[in-house]
Every structure is written in structure tokens, then in C-alpha cells.
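One chain, subunit A, appears in both complexes that follow, with subunit B as partner in the first and subunit C in the second.
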Partner chain A sequence: MAQRGGAQRPSGGGQGKICQFKLVLLGESAVGKSSLVLRFVKGQFHEYQESTIGAAFLTQTVCLDDTTVKFEIWDTAGQERYHSLAPMYYRGAQAAIVVYDITNQDTFGRAKTWVKELQRQASPNIVIALAGNKADLANKRMVEYEEAQTYAEENSLLFMETSAKTAMNVNDIFLAIAKKLPKSDNNARSCWMLQVITFKTGETM
Partner chain B sequence: MAQGEKHHLSNSKLNDVDEYGFERPSDFRYESYEEFMSKYLTVLTRRARKWSHLLGAKETVGRGMKVKRYIRKGIPLVHRGKMWMEVSGARKKMEAHPGYYKSLQDLPLNEDLMECIRVDIPRTFPDNIYFRDYKEGKLGSLKNVLVAFSNHNKEIGYCQGLNYIAGLLLIITKDEECAFWLFDVLTTDLLPQYYTPDMVGVLTDIRVLESIVKEQAPLIWKHVAHYGITWDLLATKWFICLFAEVLPIETVLRIWDCLFYEGNKILMRVAVTLVVSNQEKILMSQEFVDIIHCFKTIAKDEDALNCHTFIENVFRVTGSFSRARLAKLREECEAQIKAEKDKETGGKSFASSCVTSLTLDA
Partner chain C sequence: MYPASPKLGLAHLGASTFFASAHPSESCGSNGLPLTPNSIRIYGRARALQLINHPHLSCYVDIHRGKHERIRVIQEYYLLNLKGACNKYPEIRSHTGLAQIAHQVLQGLVYLNTFGTVTCNLSPQNILLDPHGQAKLYNYGLYYMTEAGSAVSFPLGIVRYTAPEVLLHGASQDGGGGSGGTATVTGNPAWDVWSLGMVLAEAVMGYQLFEKCEEVEGLVAEVLRTGLAAEPLKHLAKTHNSTQKLDAAPQELRDFLCTCLTPDPKDRPMPRSLLNHPLFRTMTISAPLNPILPHFPVIDPSLCLIDFAQYKAKLSEVENKGTVLPDYPLIPNSDSPLQANHTTEVIKSEQKDQLSERSMREVYHLWQLAGGNVEQELKKQKLIRTKPAILTLPSVMVVEGEVFGGDASHQQQLEATTIILPLHSLRSRLAHVAAHKYYPLITQRECGTDDLETSRLPLVIRERDVEYQLHRILTFQRLLQAYPYKADLVKSEARKDTPPFYRSLIWAALLGVDGAVADTYQQLDKETPTLTDRQIEVDIPRCHQYDELLSSPQGHAKFTRVLKAWVVSHPHLVYWQGLDSLCAPFLYLNFNNEALAYACLSRFIDKYLHKFFLRDNSAVIQEYLAKFSHMIAFHDPRLANHLHSIGFIPELYAIPWFLTMYTHVFPLQKIFLLWDTLLLGEASLPLCVAVALLRQLADRLLQFGFNECILLFSDMPDIDMERVVRDSVQVFCSTPPSVTFRQHQRPTSERDNNSHLPQSSQDLLMTGVSLAELKGEQCPQVSGADLLELSAQRRKSRRGLAKLLLVDVRTSEEFARGTLPEAMNMPADFTFTPEGSLAPGPNAELLTSYRGKIIAVIGSRNNWGQVTEFAEKLLVLEFPRVCTLHKGIEVFRASGALVVPS
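Take a look at the complex of A and B:
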């Protein structure tokens, strides 16, 4: 569902820069990509999240100290068959979250494949985050935290374990990406300055 | 029977759940729905009477201009499952293979494929009350049909999106074996390249849609291109789901009536109509985000809900649209896709050269 909540330009005074970035979520089917987005954008969680066909598009805004970052999020379908459709979603993306499910070792393997593909095929300075989702199911854990962390370090990825169900680290991972993204005009999809021009009395134009 | 149909549909107006088991969303516009239904009920009553006449004591309709017209005006719900079976050839297939469906379920299935199906079962129509339970509801049947089909058609196996299609077939036919054979007709005969591993049929039809829009509504084509939006971003789900989970349910069923009788051309007609008849709204959307949003909205608005006028409009807007023309467009687009693929696998740095930097606040 397209969702436009929170996507307005801030109305506050002062000077602020607004940057817009394209972010894509990749990963095996049912690891919780749509759930992470739903949590981040609407603050909700559905035990039975509808399966994603093609891709879903949503937007959400994150405020940093001096910059507002507006994410255009593409939530993709996970099945291998849809692989041929994936490039159109990560093409031109400035950020990607590659998701796996900590209770399923195969999904971690698949995440590594996605990272490799992004490193090879996506924009060279794309910011990639690795999310080990379903962290609330720690008793069924199959992927060790340290293993994923080491892998992330070796590949210069941001890394967090998340839970769309409890909301743990969900906003944080998007925020970490927002911080790491270079906010220059030629990097973002677009950037603009928001300026409030004040007129002092007595000053002539 | 006319009475029964009327009663059946009008009752559901007052409920939070529609006649197919779907919960109405919290933002459901009861008023516009009631307005539509009050008109549509008259149509339904008339169609029910005409169909009983057509059928008489028979169970079959055969083919011909009159049948085609009748089907375009909608098959009454009481006859829908049966008519789909008949006009699509699914019944013939079923009768030619007695016991086959049952036998498929005992075959072992590849573990990866089984896992794919398993994770999608509870994620199919979570907003439908019949899809919440394995024992009482339809989830068990859904799994049976999908597993049987994966054993039956090894090339397709399972493709995400097929869960919705099988689910809707189960809602209408209320019978696993019938749903299975209709499913087979759809994926194997009517849309042979949609769900294969390369999904080239879907990719091709998206291109075909784009080229028709470019010719028939160049303003829309230009506008969409200006914002760096490609048509696969807009229409992938339309084709994969055959408009299920895209358009309102009653409209989807009317489209499928035609799909089973006339073939896959109807999908292109609907896609073109959705785009072309919403030119004004699309052109008014002035940002990347707004255009994407607009394409979601036009699939859910009153024009889309009003299935009878929607279908009339589909045939008016797309006029006489020859099979030969569609075949030629498909051939061209498929060749284009193949050529691009070869080029992409030949020279590598394709992706990075496609980075778009758009200024939205120009």
C-alpha cells in the first residue's frame, strides 16, 4: 500500500536540509521484510502479514539534527523466481537492508548472496545494512550473533538484530542508515534546502 | 433463483464481511458501495433471469456471440464456478483424468518448494474469514491444491502470487478438484509463460502495456517517464495476480469470467483501460511518490468498484483489439527483453549507469 504518512516537509522554522533516498529491502521470503517496513512506517505488526507480490512502495521520514531524511522504500518479494525483477528495485538505490531470519540458517546464506549481488551490481556507494530479524525468537536461534557481526564487519555493512514483532532496533536500523548516508546533492535522489527568510524591520529589500 | 441471488448479495451490504468472506477494511466507503449495489442489484436480477433462460434445463452453454455477450455482462454467482469449468475446458480435462488430482497429493515434493508453499499459506488473504483455519477453513484445501499442482507441473512448481489465484478459485468453486483444474487451465493454457522461472510472459505483457499506452495516451507515457518511473513498478502485480488483490473482488470476478471464456487478451484490455481512463488523475500527480500512489488509488476507487460500468468501459476504451495485433506486440516486446538480457549479461556495469538523480522540487 502506498503510504504517505510523515512525508511532509517540516514546517518548523530555521534552516534545514531535506534529502530523499531510495531504499530497498531484500532477502528470502518470509524473513520479515514487509513486517519491518510496516513497523517502521505505521508502528504496527501483523501476525499474518500478506505475502508481497512484485513489490510494495512506502515512504517514511527520519529527522536527524540538521537534516530530514525521507526514505522511498521498496519492499520486494522474496522468492527466487522474482530474482529477475529485483534489479529494477535496487537500481539507483542509495541504501539497502538485506534481511535474514535468525531462526533459519538458509536465509542467512541467501542474505550473503544478496550482499554480493549488491556489491557487484548496485551503485558503488550504496549503504548496505544487514538485519537479523525475528530476534524475539532467540530460543529458536540458528544464526549466531557473532557470526553475522563478523560477516558484516568484513563487508563493511551496518548490522543489527531486529524484531518487527517487538519493535526492537527497527527505527534504529533506519536511523543508522540515515546517519551513514552522505547528504550531498549528487548522492541523494534529491536534496533541497528549507529556508525561512526573516525580514528585520527597517531593512529594505 | 433471481430472488436467491438478490437476497444473497444485498444481505452482505450490512455486514463487515462480504459475500466471499473478505472483511471490509476500516476505511470501507459504505455509502458509495451501497449506491453502487443498489444499481448493480437490478443488473444482477436481470442477468440471473436471462441466464436461467439461456441454460434452461441444460448445464452447458457452448460457444457463440450470444454466450460471449452474456459472459461479458457477468456470470451469476450461482453458475460461475460451473461455467468457468465448462467454458475454459477445465471440466473436459478433469473428466479425462479421473482420480488424478487425488493421486498427486501422495507424491513427495521437493523440500524447497514445499517450504515456499508452506510460508505463503497463512499469508494468503489474511483479511478473509475462510482463510484462517486449516481444519475448518480453506487453508488446508489451498495447500492441497498448490502441492498437487507443483507435482503436476514441474516447470512452474510454485510461484508467489499463485496462492491468491488458487485461493480465489477455491472461494468460487468450493471444490478442490475443480479449483485445481481451473488453476491448471490458467497457468498452463491461458498464461503459459507467466509463472515459469523466467516469468517472461509477465515481463512481456508489462512492455506491451507500455507500448499501447505510449501510442494511445502519449501524455501519460511521457509524464510517467519524466519522473523516472518504469512500468514494471506500476503493473507487475496486476498481471501476476490477474488483478486479484488489486481491483475490488466483484470486478476481478467479472474479469475472470471473460478470461476463462475469451482468453488472456482481457487482462491487457483491463490494464490499458485502467491507465487510459484515469489520464487526468495521473497527469495531476506531480511527484514520483504521488504517481505511484495514484496507481494504487485508481485500482480501488469508485470507477473500479462499479464493476458493470467498468467492464463496459473496458470494451469501449480498447475497442476492437485483434488477437493478431496483441501477438505481434508480444513478439516484439519479448525480443526486446531477450536482447536486453543478453546485453546485460555481456557488459556488466549496467546497473550503476542507471542511477537516476531527479530533482523533484524543480
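Take a look at the complex of A and C:
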């Protein structure tokens, strides 16, 4: 199958380069992955955001100094059962945001598992960010900021608490990722998706 | 019929309206999300009131939710209430008359108590008297639908009739316990007993109680004082100068009143025990006191033929409903002379008014189709007053968003007026429909629509045509009553279209739901916590929440129960996200019958999503998606080639389509349209739908690259669903059945029991193909049997219209040793130029002339690569309908179908 596009196309004009990056969102369901993407891409928040089945795809462009960074975002389904689909989306991704819900300790545990999986299976230079979402619900907090931050430092992750509802830190976390991504020309974009896809539970790729 | 609603008879459809209390703006629940509006809570609960069907309870026909938290209620209504009737008719205000009324009201109360609620607003205004003098409680559902008044900001009852303990403690405490305004409020039946006592005492004494009190405070004080009196009845008589009148009443009546007015609610008897009071010794119960839950298959429990005597008694009771009270006001004074004439005519004339024989819900449905609109009617009759917006602006608004001032007064009171929905335009719309059309003979396949012009018009028009819908309703009512016996006829009628009024039952019939639906559901454990609960709990508030019903707390509770029931009853299957969406249309349609929603969901999954909900469903889904790719190639090679070249594979976008049968991608109204047809079709129809969907968007897809394509489907664009439906049927009809064969499909009895067939025939059938092989090929395989069938059709059709071209791609030597009759030889090695185009020649010309027909590529199973390669070259050349013969030409050996070409 044909490969789509090259990694970075030098832009036509003289105002810097355009980089494209694949970013995947992972995390337990209902932690707010789709809401974060919607906030970032469209500046909206839907209280009754529909659940994600399989995955959804969106794009957004941000400007960073003289570089235009285009994110191709894969927002995945959260249910554990859909786990087997995830490699299809994170394989070849240059960045990942692992999301948990600060009001639910279990989702933090799940986030750690995702981080481990990414460190083992995803491309080695993947930039991983940890997002503690629903920060607006501070009075129902179950995961302490310090706990998450310590964990993030130990694993060299970017870390922010976010709120898709209030927009707190949403753009910031994407920007922080954009800054950290290598923008050199020889960072060829891998053909990351159209390899053999398997749904087998637990099968590694 | 479902949920059963009584016949219109001489009733009016009355409309009333009130406001739910609004939450302070910007207020959030503990999850940080906005609170569910009270009007939605009310709307969700009120649905259940439609199940109430009792001669002494006015039927709840429908409930709507309007702007600004407005609720509109449509209820069975009569122009006389107890007060008016007492003034007008001596026989009603007589002691026996009042005893009769008391008996009937009590029956209504007992029914409500078994239903699980109380009225809490019993008053002479809320006891209507129908033209036969039968009492009908009105507005009795307010307590239930507003969750004990917690969803509105006005008091429910009229103070002078309200029980003292309700005035003191409010009505939200539970019967005895006081669990405090939760969703399971049932209220205390004894409250209504007090009110009944007050209402009757007033009638016996002939005075309005506490007439001189004008202030609410004074009234409350009077009621409390009455409650504190040693003998409240005597106290009332004394304070109203009516001791004599009371003494004139028979001992039993006085005793009954005394009992009702027992001050301590703990000592006050319940309605059920009061039915045994000596006052009612000679009276009989009008109807069963227990609510009857909806049945499917539809059996009218009152027609239980085991007890034929009872049935006959019921019939005669219906016939002798008694005469109409003289001078009963059947039409409102204010009515236009047109309607007045009409109604009186109808009543006077010998000819039966057919509309009055239809159920109220049906009449209301037709009324709306005939252009009726409750909101406009309320406006016209001044129950809704539109104010200039400037007058409703708040005067103060604080930073947090809360507002003060402005016109909030409407929320603080209950508008007691009911307006009557005028039926004359509906009547005149249907005036020319002959009486016998109301009773179609289904055994003669009469359906009443065949000679209607409308039946040939587009669906959107048919759905809105009142006369057409009337006939559809009449036909389906009969057919559904005869289900499952008339299942075939239901199906063939549904092929024309599905009248929305009966969609829920028609779907159930099409899915073949039968047996002990209610019992099965009842026995399932829907409460015990399971590991799936969290997932269900987070998915439901995200599932079709634009809908008022599904977003109501009742909707969520029902959702949870149906999903949990499905999960526990299918231990070999599991909850995959998406099951919630799949459940939504069934729950929406069967909101008052969870058992049927569950039964439909189960049957649907079994038929269309067999094995999709296995814990490991990868093989099933992969096969489905591979078949989908083949279908795209088969029907639209250009699109297939394009999507293939940009790597836009179904795995990335079509999983939610199939796993949820489109319920996750479309809003309910579109799903209904789609499923009306889907349910009539084979399990392979959904694949055809997907092809039709892609083709509708083909123009855009063909121009798009990968990102644009996937973005297009991330947010499903507006789709002409009627066209998708039409196209998908056409795709289905032009696809040989074996092309959509899946080894994971549900085994059907005929297809799977092939073992009895001789080997020669078995060879001709489709068998499972490994996933690797499926995914490695781009064109579908077709079975030998399908090819023979298609060739036979060709021979049969007189014009020799060929739908099929058989291309044998083996060498000419192999070909000469035996091939199918009419097959053409195009040896693989010589057919294409190195660039991949067809090498010129007569056969190539013939092949080109068959573009658009089915082209079956035939070769040997021992040289299979040659076959698929040939087919794929044709695909690249954008030949549609290219397929390969499953298991090679060898399959025809045993059956002797091969001939030596001449």
C-alpha cells in the first residue's frame, strides 16, 4: 500500500517549516480524552460528549516560533476490551497523551499501565504527556497532584492537570508536546499504520 | 393498543400546561456537568402514566416538553366536574349519587396505589363526571410526575382539601418512613382519603368549605384546626351551619365521612380497605383494580376466552353503558358553530362516529397529523400568553449567572385551566372514509391504502398524510393483534412502510419476538453489581442524550436495567462499548415496556450481530470488514481503488458502523428510517447499507486524501437516509448471496444443514475462507451454486438478457477439456498487456461489452493465484462486479455441469 506523504514538507513560502506529527490519546474511558481533543481542536465542550468506538481522528495546527506544527490526532476508545485496537493507533505515533481523571484513582492506575505499554511497544523516541483531567472537580480529587508529578518525573513524562470543561492547560499541554518534538528534517515520518492489523487480545506487535 | 388507551367515546382531548422549576443557571451537579432540567425529569417519569388504564382515571394521552421548562399535558377530559355536576343534577348530589361517586373515586385511588403512587391533589375540580355520570379522576399524575412536587415550585393540591399532615410536613415524605424526596416517592394513600372526605363533606353540606377565608394562611389554619378537632366532621358541620344537613344523611354515609376524616394518618384507613365499607355494600367494582402491564404478542387480557362468561358480561357492560345524562354539556360554549353542529350531529345521528371508536392516543396522533398543534392551541385559547421579551428580562443578574426579578411569576402557580383540542378539522378530513374501511378484513389482504393516490408518493409525504396513516394504523392494529399467527402479513405490509404509531410493535414482530417476554425479563437479575457496571454507567450519559426521554433519570435507570439484563443473560457474550447505542432505539420505542426492549435487543443482536459481542470478536469483525472491502470493490471499483491507494481501510472507520448497526453514527430519527428496512432484510443487508453510504459520499471521497476522508467520517456528514435505504436494497438485489457469505454469520437452518446433501452439491456451496485469504484478495468469491443459478436465470429470461459473463482464465488446452456452458476462454497469460490493459481481440471486446454485469473469473483451485490476479487486473481497469469462483472449476466436476466447448 502506498505511503501517505513524507515526514515534513518544506513549506512553499519562506516562513519556516511545516511539521506533521501523529499524536494518540490513551486512557480509561470517560476520563475526558475526546473532550480534550474537542476543546483543543474546536474550542468546545460538550457535556454529553458521545463515547468513542474504535477511534476518532481530528487534526489541528499550532504555530511555534517559525514552525507550523500540524497534529494528526487519534482519539481512542477507552474500554479495556478495545485495547487490542490501540497498537494500530500508537504504532508510529510521535506523541501520546495518557489521560486520567483526577477524581478517580483507578484511572490513574490505568494510565500507568498505558505508559508502561508505550515505553515498551511504541517508537522509542515517542513524547509522552500525562494529563490529569477534570481538574475543575478539585473538591472530588482522589489523585494528588504531587503523586502524579513524582510519577511523571520518574518516567520523564510531561505532566499537567487539565480541564476540558474550563479549558485549563488544554492548549498548553499540546504546545508543550509540540516544543518537545524534534523538528529536524531527517526525522522521517514512519509509515505507522497500514501494516498487519490484528485485533487479537493481548497480542503484541 | 399499546400501551392500551381507552376509546375516545364522548371524551375530549384536554390540554393543560405548567412550568417545571428552573435550576439556577450555571449550577452543576457533583460531576461538574449541568443538572438535568426538571422538565426532563418530569417528562421521563410522566411516560409511565400512559400505562394507566382504568374507567375512573382519566387517560394520560401524551406529554410534551416545551421551551423554558414548560410541560404540556394532554388528557382525557369532560366539561363537567363534580362541582358542576352536583349543581346541575339532583341525582348526583343525592346521597346515593354521592356514595356512587365515592365508590368510583376509591377504585381509582386503589388502582393508583397499586400502580405505586397517590394523587395528593384530590378536589371537586379534579373529579370529572363523564356524560354517563361516571367519575374520572383528573390530573392525578402530578404528584407522580413531579416526584412529589420536587420538580415544580408550586403546591400540588388545593389547600382546603389537603390533608393536615401534608400541610404540616409537605408531601415529599414517604408513606410511613419519611425517606425524603427520592426517586421512589410513593406518598401516603391516606392523604387522598382525607381529601375525599373533605370533598364529599362539602358536597353533602352543599357549601364551599371555608368560603370566607381569602388568605392562604387563614385556609391553612382552618384545615389544621379541623385536623385537631376531636371529631373533624362535626367540627366542619358546626362551622358551616350544616349540622342538620349532615344529620339528614344516612348513617353509613356519615360513618364513611367520619372514617375518611380521621385526623391521625396512621389511624386513617387506606383506600383499599375503605372499599369494604358498608356504604358500598350493593355496589360492584367497575374494572380490575390492578394495572395490567403491556403484553407482546398483544393479547387483550380482558379477552381471555377461558372465562367466556366474564367476557360476555364485559361485552354487555360495554353495550349498556347507560344513557347519557340529559343536557350534558358535550361541547364547550365557546366553540365555533361549525364544531358545535358537527358534534351534535354526530351524537344525534344514528350513524356511529367512527373516530369515537378509536383509542384516544390514536385520535391524538391523527389530530397532530391533521395539523393540530397543542402549543398553538394553548396560545389561541390564551393559556399561553406571549409577552414582549423586554418584560421578561431579569432586573438583576449576579456575576455567578443567577438572575432575579423579571417575570418568574408563572412558575409559582399551577394554571388550573384545561383547554379542549378541537377535533372538527380532523373529523372533516376523515369524513369521507367509509365506515367499513375502519374494519379491514386482513384475511382478504384488505389494507385500505392500495387505491389511495398517496401510496405511490414518497415516504415523507405518506408519513404525514393523515388519511394514509389512518389506514396503515387500522391495518397494522389488526395484523398485530393476530401476531404471531399473521407474522408473514406483518412483514409483507411492513415492506410498504412502517407507520410510526406502531413502529415498536412492528419491529418486535419483524424480529420474531414471542413467548413469555415479560416473565423472562422479570426473572433476570438487573440489580446485583457486576464488573461491567462502571462501563455501563459512564456510557449511558453519553448515549443519544439530545433526546429528552433517553436523557431523563428514568431513561438512565431503564437503560441500565436493560443492558444489565442483556449482559447477565448472555454469559458467553460481553458488553462492548456500543451496545448502549444499539439498545437506544429499542428503549426509546418501548419506554414503557422494558421487557420488550430487552427481547428486541436480544433478537436483533442474535440475527444481525451474531458473535460480535464475544470477548474476542476479532475474527468476526475482521471477516466482516474484509467482506465490506470486497463489497466496495464489487460495486464501485473506482472508489475501491482510490480508497485502497490512500490506505483508507474499513478498520479505521467502519467498526462503529457495524458493531452498533449505525446507531452510534446517526440520530434516532435517521436510525428509525434505516432500521425499518434493515429489519426486513437478511443479516447481510447492513453491508449493503455501508456500500450505499460510501457511494453517496463518493464524489467527495474520490477527491480526498486520507486525512480528509477520515475527518469526513469522524463527524458523519448529513446523509439522505431515504436514498441510502433505497440504494442499499438495490445493492443487495444485485449481489449474489454467496458474495456476502461469512463463516461467522448466524447459521440458518437450511443453509447450515448441508450435511444431507450429496457431495456434488456440497462442492457448489460457499464455505469458510481463512481470514488471511480473505484479506489477501480484493474481489469477492462466488459459489458455484450462485453461478449456476445466475446462468439458469439467463436462459429462462426470454430476451436472453445476460447478467453474467463467465471468464475461464485457464489455458486453452485446459479449457478445451471441459468448462461451463457459455464460458469464454481468456487465458490469463495472454489477456493483458504489460501495462495492465486488455490486449485487443474479440474476447476482450466481448468482455468490455459486459462492463457492469457480473463477471465471474473461473480457474483452477490449483492455480488460484492466477485467478485472483486476473480479477484484480479487471478491478484496476474499473470493471464492476468482478468475482472469482470459490474453490475453482473443480467444484463442477462431480455434478457433471462441465461440457466440452464446441
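Worth a mention:
Methods note: the second predicted complex is superposed on the first by the 173 of 205 C-alpha atoms of A that agree within 3 Å, B and C clash if a C-alpha of one lies under 4 Å from a C-alpha of the other, contacts with A are read in each partner's own complex, and residues count from 1 in each chain.
Convention: a residue touches a chain if its C-beta (ideal position, glycine included) is under 8 Å from a C-beta of that chain, and two chains touch if they have at least 3 such contacts.
Fair warning: this is a prediction, and the values are worked out from it, not measured in the lab.
Residue contacts after overlaying the shared chain place A:124 against subunit B, while subunit C stays out of touching range. Of the two partner chains placed by the overlay, subunit B and subunit C both lie in contact with A:88.
When both complexes are overlaid on chain A, the residue A:116 reaches neither subunit B nor subunit C. Of the two partner chains, both subunit B and subunit C are touched by A:79. Once the two complexes are overlaid on the shared chain, A:165 sits against subunit C while remaining clear of subunit B.
In the superposition on chain A, no contact is made by A:180 with either subunit B or subunit C.
With both structures placed on the common chain, the touch criterion links A:137 to subunit C but leaves subunit B unconnected.
On subunit A, the surface touched by subunit B in one complex and the surface touched by subunit C in the other have residues 1-2, 4, 29-30, 48-55, 57, 59, 72, 77-79, 81-82, 84-85, 88 in common. Residues 30-34, 535, 538-539, 541-543, 545-546, 551, 574, 576-578, 580-581, 615-619, 621-622, 644-647, 649, 651-653, 655-656, 659-660, 664, 705-707, 710-711, 714 of subunit C are the ones touching subunit A in the complex. Taken together, the subunit A residues at the contact with subunit C in this complex read 1-2, 4, 29-30, 47-59, 72, 77-79, 81-82, 84-85, 88, 134, 136-137, 140, 165, 193-194, 197-201. On the subunit A side of its complex with subunit B, the touching residues are 1-2, 4, 7, 20, 29-30, 46, 48-55, 57, 59, 72, 77-79, 81-82, 84-85, 87-88, 90-92, 120-124, 186, 189-190, 192. Within the complex, the subunit B residues that touch subunit A are 116, 119-120, 122-127, 159-161, 163-164, 195, 197-199, 203, 228, 230, 232-233, 236-237, 240-241, 245, 288-289, 292-293, 296-297, 348, 350-352, 354-361.
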